[in-house]
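These notes open a run of structures that come right after.
Shared between the two complexes below is chain A, which pairs with chain B and chain C, respectively.
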Partner chain A sequence: MHVKAYSGRKKLNLRAAVAFGLFSLANGSLAFAQAPTPFAAQETMDIGDEPGRISTEEVVIEDGPYKRQLVSFRSSEPAGTIVIHTSERFLYLVLGNNRALRYGIGVGRDGFQWSGLVKVTRKAEWPDWTPPPEMIARQPYLPRFMAGGPGNPMGARAHYLGSTVYRIHGTNQPETIGHAVSSGCFRLANGDVIDLYSRVAVGAKVIIRHAATL
Partner chain B sequence: MFHSIRQGSCAISIMASVLATCIGQSPAYASTLSDVQKRGVLNCGVNPALPGFSTKSASGEWSGFDVDFCKAVAAAIFSDASKVSYVPLTATARFDALQKGSIDILSRNSTWTLEREGALGLLFAGVTYHDGQSFMVVRKPEVTSALELNGAKICVQAATTSQRNLADFFKTNSMQYQEVIVQDAAEAMLAITAARCDVFTADQSALYAERLNLTGQKDVIILPDVISKEPLGPATRSDDTGWFNIIKWVNFALINAEELGITQATADAAIQSKRPDVLRFVGADGALGRSIGLDEKWAINAVRAVGNYGEIFARNVGVKSRLAIPRGLNELWSTGGILFAPPLQ
Partner chain C sequence: MRSDTCLKIVFAVLFVGGCSSTRTEVATPAVAIAPAYAVDGLVGRWGVASYRVEKDRARTEAMARTQCRLPYVITKGPSDGVMMHVADDAQLYELTLKGSKDGKTYLGFDAPPGDPQDREILSFSDKVVVMQYANPETHARYGTFIYTRCA
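For the complex of A and B:
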């Protein structure tokens, strides 16, 4: 898999007062994955630099099944583990005592779904987006690079999964939550991914479960 | 044994019934299936109106979680899910109707208890829905557990098991609460809106249904805690174990279908599968259906009619319904719940 390096630019997002009508690059493209960034080129994050980043205007799913909620969830995994049920479009953050926080997610479209066991290897705020070459090949109209920010399909936060090109990230299209539209990434509404980001540590185990296939 | 002699042919069926009677089995034994087949329709007892579980549309169409189970049984027997006659029954009339034989199965949100099997002559064929008493909490977004409800004003319906369970739970955990008695759920919703109480306790499925009536309220949480066991499932008479087995295995088949990844949409593809367990399910490999008196396509026909367990749940009470109840305990054993079915082997 091709790895593209770029120097992560720090995005100070006082523009976090997000206008989600801004689907600047959407043009029907619903597929987002990000090229892995070598750790040498990590964004540096300075929490103190970011007053106002977490805006009250951030979109969260407010009702229905994809609203973030506490649910009963039996698991022998330690608290802090993420369990993703691709076919149900849910991400569970295990809290222990047979309960979990459940978030609605968008998942990979058919042919782009996967399962496995990985770790969160890195976290980033308002990540840049560099579509990998195979994605450009499929969707030539995509930009080659897009700086992080409210119009970016990667959304407000990204959790990098192992050494894969896949992420748990935000989105500039919260209406796609609950659907199978991505190139294999898992997306949450920005307000929800910000919440998840605050609860998940680098090194957390991520279990991706997919329904049995015939 | 008996069923495998009888398969397919009416004449043999009658002979076999006579034989069964001669060798001393009660007439009821093994007759439910042949009665249903002769009648050409399954008589299924259902709730007259319970959102998500059993409702009748203005055009007379029945739908819901419990209704889909009737359809699955009909599809397993007749390869036709429409061959069901729905018999709406009140809570007080339901067990009588089953005992008297006016229905073949009762698929009506009934809790499986010892008393009902021991004293009423019924058998519960399994659990289709694990319900339990829980708490709806309003205006207290910080609450994550029922153990944080010390001092809360709690609405509860008068003279219900919920009222007793509530008292037991608080006593067990050395907590205090202020009981606000209401006559029904509608009054509870009014009391919540008027802030006479901040918590309503009832069975979890009912709380999700009532939440639909609280659209003006923000910060409504239904806690994942469950303080009582209410396993709901279909019941049959206890004098016909052959029939009981059919109902039991239709339930198991729907659960196994989800575990195997067989859905309504992939039922045709499943027949082409290379996996032995999928092939057993579709009847291409072995003749499991015949051992319970049905044809070899019984299980896949049930899934073709109503989908697997997960699809039935999602459509009627889960993510694709207005109720949006989380699967919770009703997840498969392999994905965080307690739903488990023995293998189709």
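For the complex of A and C:
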């Protein structure tokens, strides 16, 4: 995977992920699955957020499966719906006529993957970021609040999902696209999330699917 | 967790932070003079927030005031300084204020003012202190810090 127009430092700590677990609660029932999938069997990144690292809004995934591309996608969902396949690391924007725009994404790491049906309740350009207390404990020199900007781990755009703590957002770590690294949010390269942002309206339906195999 | 239409679960948020930096050289004024402010004025509990563009300054200061639930605590050091962090290092060090001949005030180690690990004090009062890293690369990453004193 090549990342275009990336400037910044790499701090990669890779480990093989041979299995992962997930919880999902749909219609009041709790579901648990633990199984490898073809995509999950790839390496999973063990990498923390790097606040202050710069990634510009021009960064896109330039090639490989995670490059933004028009694909055939059979779905009865209306155009404008977002369908996320967590296990595959893909986000589909339904275009209608069995077509979709497919974006490569980074997803929640082990234990932070989920499924559900939500709506985009808010959108923001260069969203602010508040490091969680656990991160402040590890990196006490961090500001407790960082206004939006190129060094912000939230990246160039954010789509807020329902009333949850989860978002579809950009990143200042574009090399993490295609990996399970987050705390449940879905991240795209900045250039790609800007493209998505321009196509998605507040109120858009978002379906998060996780292929739980036994 | 708050529920939405069908979504029912939120997992605890846990980030494993990591951050390091590359250093670039900056010009350093060679001679330190008495600082314009007393370093003891930094001692206390502070809400800390950062911004990059001026339009965000006012709301960043407001956000800093709300961060006292997770304050940055500055204590007096064993010598004449205060115990604080430098960029990208979780260890506490004793830092002090240093004046420079060009009228600026820096916070940092006992080194010439304007050292790459210094912060430049942009404004200093009992309630609010504004500073930024002297190293342009570090400043570009973290922006300008606003410290607001907690009650």
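Note that the second predicted complex is superposed on the first by the 142 of 214 C-alpha atoms of A that agree within 3 Å, B and C clash if a C-alpha of one lies under 4 Å from a C-alpha of the other, contacts with A are read in each partner's own complex, and residues count from 1 in each chain.
The criterion applied here is as follows: a contact is a pair of C-beta atoms (placed from the backbone, for glycine too) under 8 Å apart; a residue touches a chain by one contact, two chains touch by 3 or more.
All values derive from a computational prediction rather than experimental measurement.
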Touching partner for A:I136 - first (chain B), second (chain C), both, neither: second
Chain B versus chain C as contact partner of A:K119, first or second or both or neither: second
Comparison of chain B and chain C by chain A residues contacted: C
Footprint overlap on chain A, where chain B in one structure and chain C in the other make contact: none
Residues of chain B that touch chain A when the two form their complex: 144, 221, 223-226, 258-262, 266, 269-270, 272-273, 275, 278, 318-319, 324, 326-329, 331, 335-338
Chain A residues within the chain C interface of the complex: 9, 11, 23-28, 46-54, 108, 111-112, 114, 116-119, 128, 131-136, 138-151, 161-166, 183-184, 208
Contact footprint of chain B on chain A as seen in their complex: 64-66, 69-75, 83, 85, 88-89, 92, 98-100, 102, 178, 209, 211-214
Residue numbers on chain C that touch chain A, as the complex places them: 1-11, 13-22, 47-53, 56, 59-60, 63-64, 66-67, 70, 72, 85-90, 138, 140-143, 145
